[in-house]
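In what follows, subunit A forms one complex with subunit B and a second complex with subunit C.
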Partner chain A sequence: MTSVAVQRLIMAAVTLLGVAIIVFVLLRVAPGDPIAMMISPGATPADIAALRAHYGLDTSLPTQFFVWLRDILRGDFGTSISLHRNVLGIMAERLPATLELAFASLAFAALLGGAVAVFATLVSDWTAAPLIDGVNGLFLAVPDFIWAFALVLLFGVFLPVLPLSGRIDPSLDERFVTPFYLLESLATLRFAAAADVLRHMVMPMLALGLPLAAIITRVLKESLREAMVQDYVLLARLKGLSRLRLVLQEALRNAVAPTLALTGVQFTFLIGGTVIVERIFAYPGIGNMAVDAVINRDLPLIQGLTLVFGALFIVVNMAVDLLVVATNPRLRDG
Partner chain B sequence: MSEVVPRWISETLRACIRDPKVVAGGGFILFLLVLAIGAPDLSPKDPLEQDLILGVTPPHGFAGAEPGYLLGTDDLGRDVLSRLIWGSRVALTVAFAAATLAAALGAALGLLAGWYRGWVDAIISRLVEIWMAFPPVLLSILLVAVFGAGVGSVIAAIAIIDWTRFCRVIRAETMGQAKSDYVTAARAIGFSPMEVLIREILPNVMPVLIALISLEMGIAVIVEAILSFVGLSVSSDVPTWGGMIAQGRQILHQGWWVLAAPLIALFLTVLAFNLLGEGLRRSLDPVMRR
Partner chain C sequence: MIKLNRRETLALGGGTFLSELLLGGAFASAQTSDTLTIAYNVNLPSFDPTVGPSAVNPTIQAIYRAIYDQYVGQNPDLSFAPGLLTKWGWNDDKTKAWMDVREGVVWHDGSPFTPADVVWSLERAGDPKTGNPIQFVWGGLGNYQIDGNRITADVKQFDPTVFKWMAFLTGYILPKAYYEKVGAEGFEKKPVGAGPYMVDEYQGNAFLRLKRNENYWGPKGAFDTVIFKFVPDGTSRVAEIESGSADVTLEIPYEEYDRLRVKPGLAGVCEPVSDIGMIFITNVEKEMLDENVRLAAIHAIDKDLIAKKLLRGYATPIATLEAPGYEAFDPSIKVPYDPELAKSLLAKSGYSPEKPVKFKIQTTRGFKPKDYEMIQAIVGMWRKVGIDAEIEVYEIAKHYELRAGHKLDPMAFYNWGNAIGDPSTSTGFAMFSPSPHSAWKSKDLDDMIGPLWGEKDEAKRIAGWKAVDKYIAEKGYVIPLVQYSQPIVYKASLKVIPNATGALQPTLVSKA
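On to the complex of A and B.
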């Protein structure tokens, strides 16, 4: 077990190193000089050279890479060219916004997807039951980008009840000690602030969560269908359990493992989706910031953010592996 | 007559025509293709012609609509329907080119990894894993920023990102096929490994590959729209659905239809590619068909 864990950690490190190399090389072959856009019109060649040296852009590529890698291992991600601030500091400020959004979307998707799957299993002998599959199939085909704008039209124009952008209404003038606005406002019992943060989160959360909910429904429904004809469920039925209790107590427990494994992979896709969804709703997370960083050719910031995303994906995958092992007695003991 | 066309081809075609998903999805894509090719003749107006007096006119049937502008106009008075029709050109170009390229790249690497295994598989699989650690949208934005805006860059970016989808599936398929009796037979009669790969295994993974290509086309259309929305795809004087969405987002409260029209077009196109892919997966596979 431990040797497997060590092996996984080494693999993760190799993957992250690969990500780092690719981003680094990509950004260095990119046309366009990041220094060119930050100099003032009156800058002398000496000023430009000094600036270049300040950002370490005057040395050879391998040197730049190893200096960058060494600094990162020391916890120094460099200085953002466009924001003139420590990259690690900015990322620490913005990452919690993305994490809150991603986990809220995951929770929403798991609840909705699970509820629909259970409901579909309960009513599987209705004549209208295939309708659920049809609607779910439609939801499977629609990606977050389309959902986001459909929601903008629905809740921003036709039924204008939700804010279209941002994370919290600035006029509320709420102050937060941590960047975890939702968790902090809930923990300190400031429910008005929490409600406002949630209102800002609803549309991006739906856009990210609805496609995942459809996937969860499909996989869980299939597992439940298989579980419902197993001997232990038939036995429980003979004991006189109601259909709802059969599904929830007997079948669900055994059907959840495949869904869990799949949800993990899909959750990384959801995190990837935050990039465009945050952009659409001007939500101040790392995804939105990454788009700006690319547009501004802010090399240190792009490099830092890509590594954060890569690390996030790897951590999620490992966590899911652990969860799958932990919930499956056969894997745990074997 | 019956021998002019091999039987498996006519059987496959018949299965496709009988599948409602193939007919519905494929039908819509064909319709779109006709619109894209015939855009100069079919679009009612010049998609770039501005008319500031007719700015933000609502679609037909709404108060204030102008005759001749079925889907209304945008803030510059350009005809939304004409821009929608012209926008299908970029969408379909990117869909076909990017999906084909991604499939060629991914299938080739998948075949190699699944057939040779060992260190070849180790390297390709590690590459896939590294690729999967990138948020695809961020990587596509990054690539287009590196290559420079333009349809060619968008196509290249999508192919470079999405080859992994093909590689993973084709690798697994190839591993399965490599164990089958017909491969053993082909090797026994003296086929070289490359011959087995191209003449025996490739045709057998084709149904899966074609279905994946159709799904990938839907993805490519979305990615192009995302890149246009961010402002990185093509120059702003070429109408694209993503560009129209970006514009519609800005004048949301004056003219919702400028956003709604391209969004619905995008939705129907993605749905059509999905239906077509699902239908093809079933009707191209002789085993699943039965």
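On to the complex of A and C.
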């Protein structure tokens, strides 16, 4: 187990370095010069050169890269061109919003997907059972941003019961010490604030979570179907266990491992999906900020955000790998 | 006093949580009468209105104008008014500039506003090290002297528009003592201005909450609290106003504007703003050096049709880069839609619908209302007269980069804002070779434009720019298309004064 963790950590460092190089090079060769967006109509070539030097873009690419890498290793991610603030500080402010949203979406997807899979297994011999697969297929086919627009129309316009944008009602005078609004408000027993934060989270959470729930349903249902014909389940059935207990106590335990591995992979896609979903709901996480950073060609911020996304992907995959190993005795011993 | 045990406390908290969760939405649209909520189309990246990309983003100026005051004010019709300067001007030979500073003004932190703040702001703006994108203007003044409330400055390089710039991009006064005390990062965290509203709470990419400045020297805002919700997605902005979550929104599709403005409880206004759609012509490829081709391309475009049908009447066709309301607008310059003339011009150069001239045209898609559709329509009109143009879609960031490098395709769609309406900031910077924002670069035009930059006789200067515009129209060096109108939808209980600059300032919204 320990050697697996060490191996994963080394791989993670190598992967992050690769991400850093690729992102740095891509941003420099991609169209869109941040200085070109800032130069005034009356600027002379000398003015433009001065502006380029002001933002540290006047040296060679290798020099820029090594300076950037050196600074990052020192914990300095640079200063955002558009926000005029330390990149690390901004990301530390915004990342918790995305994390709360992503984990809430994951929890919602796991609960819904798991429940539907169990229910579908329980009613698999009903004539209407294929209907579940049909509806699930629909949820699988619709991407998160379409859900987002549909939810805006449904709960924002036709039945306006949920807030359309933001993370908390702007008219509330709630002050938070940490950027983890939901956790902090719950921990400090400010339930009205927690409810408001949660209400703002519902629509983006649904948009992100529904497609993942459909994936979980499909995989878990299939695993349960396979497990339900195994000898140990048949033996348990002969012992007189009810169908519900068969599914929950016998089949689910063995069926959950492949679902867990796939959920981990899909969770990284969910985090990627926050970019567009946060934009639609004006949710102030790093996804929404990434869009502005790209529009403004804010190179230090884009680089920092990409590293954060990369690190998140790596951490999630590592956690899932370790979780799968921990839950599967054969992998653990081998 | 009622005492609650732990279980009762948790039960009460849980009840509050659930009731807020379930019923909170019922109150989402119940705005208090003293709060104005604007669903705004862009995020506010930075509170410093004088440096970085946001300083030259015209859309953000509405927020900056709410927090800060400018040297010179501007009325909704683009005319100028006293701001933190009450009077300004030059001496007779224009070697010195003078400014009278308003008395009795206080910053949001309660400290007094002084002429030293003005001088510090101007010197900082003119210092290349601070990264002010308009430094080339501010650097034209120097050696400031303060005498009471009057500031005089040496004119290092005469710019007839410098006082107009004082009401335009980066023309804001910041508090010297406070800024020097807290530094750039500290200022971003807690900005202080002298404008009609003060920053109360800010969440990047979510909202900005402002409180009325009760000590403001001018007319006070109608609302105690103003909330800018940053909602960059157009569909979400429509939902915000339709659901009642916002009181005002802007820059929504014209179709949605037409639908919403007649809904009960809502109203709308859509007036022309200082923003035009145009097509740059780059004089690099041989096709663009052919005057017949350029003029044919211009005469083949039915701008009226585009304005009426595609833009649903919310646009005004223009013949030059000066829109109605701009200082050098000359209604006598006309460039008629004449496809037969276009055909004959192309025939002179050996082109016809059967043997068309071919070139590429670049456009954004979704950056401005119907930008791509407009170019599609134009390409269709061109095809009928003998022009076969291939459309390439690009991002606006790429446009800036290509334009600065003089590498745009032969034709490229763009929009040009000019909130001070001066010809130097429209025709001048768009058509003068040394400007990094020009695409057509030729000596004949530079010879006409060059002397106008420092022209001290204002009447002669404006007449000179009109002559330049006429010459450009005759030679076909650029294709002006339309002046845009800005759709604003708001609750019928409000009154909104449209601003020709396009800046939806909270002070222009009041209770009906």
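Following the convention adopted for this analysis, the second predicted complex is superposed on the first by the 303 of 334 C-alpha atoms of A that agree within 3 Å, B and C clash if a C-alpha of one lies under 4 Å from a C-alpha of the other, contacts with A are read in each partner's own complex, and residues count from 1 in each chain.
Throughout what follows, a residue touches a chain if its C-beta (ideal position, glycine included) is under 8 Å from a C-beta of that chain, and two chains touch if they have at least 3 such contacts.
Since we're looking at a predicted model, the values are computed, not measured.
J.: Once chain A of both complexes is superposed, is A:Ala43 in touch with subunit B (first), subunit C (second), both, or neither?
T.: second
J.: Check the residue A:Arg279 against both partner chains and state whether it touches subunit B (first), subunit C (second), both, or neither.
T.: Both subunit B and subunit C are touched by A:Arg279.
J.: Which partner, subunit B or subunit C, touches the larger number of subunit A residues?
T.: The partner making contact with more of subunit A's residues is C.
J.: So in the superposed three-chain picture, is A:Ala5 touching just subunit B, just subunit C, both, or none of them (first/second/both/neither)?
T.: The answer is neither, since A:Ala5 touches no partner chain.
J.: Quick one: classify A:Ile22 as touching subunit B (first), subunit C (second), both or neither.
T.: first
J.: Per the contact definition in the header, classify A:Ile295: touching subunit B only (first), subunit C only (second), both, or neither.
T.: both
J.: Quick check for you: in the superposed arrangement, does A:Pro143 touch first (subunit B), second (subunit C), both or neither?
T.: Only subunit B; A:Pro143 stays clear of subunit C.
J.: Please work out whether A:Val157 is in contact with subunit B alone, subunit C alone, both, or neither, and reply first, second, both or neither.
T.: A:Val157 contacts both subunit B and subunit C.
J.: Kindly classify A:Ile314 by the partners it touches after superposition: subunit B alone (first), subunit C alone (second), both, or neither?
T.: first
J.: Following superposition on chain A, which residues of subunit A contact subunit B and also contact subunit C?
T.: On subunit A, the overlap between the subunit B and subunit C contacts is residues 31, 149, 152-153, 156-157, 164, 279-280, 291, 295, 297.
J.: So in the complex, which bits of subunit C are touching subunit A?
T.: Those in contact with subunit A are residues 9, 13-14, 16-21, 24-26, 28-29, 32, 35, 37, 39, 43, 45-46, 48, 51-54, 56, 128-129, 131, 133-137, 184-185, 188, 201, 203-207, 209, 225, 227, 229-233, 235-236, 239-240, 242-245, 394-395, 397-398, 400-405, 425, 428-430, 434-437.
J.: Show which residues of subunit A lie in contact with subunit C when the two form their complex.
T.: Touching subunit C from subunit A are residues 31-34, 36-44, 47-48, 50-51, 54-55, 81-86, 90, 93-94, 149, 152-153, 156-157, 160-171, 173, 189, 191-192, 194-196, 198-199, 278-285, 288-289, 291-292, 295-298.
J.: Using the touch definition from the top, list the residues of subunit B that touch subunit A in their complex.
T.: 126-127, 129-130, 132-138, 141-143, 145-146, 148, 218-219, 222, 225-226, 229-231, 245, 249, 252-253, 256, 259-260, 263, 266-267, 270-271, 274-275
J.: What residues on subunit A touch subunit B, complex-wise?
T.: Spelled out, the residues of subunit A in touch with subunit B are 11, 14-16, 18-19, 22-23, 26-27, 29-31, 138, 140-143, 145-146, 149-150, 152-153, 156-158, 164, 268, 271-276, 279-280, 287, 290-291, 294-295, 297, 302, 305-306, 309-310, 313-314.
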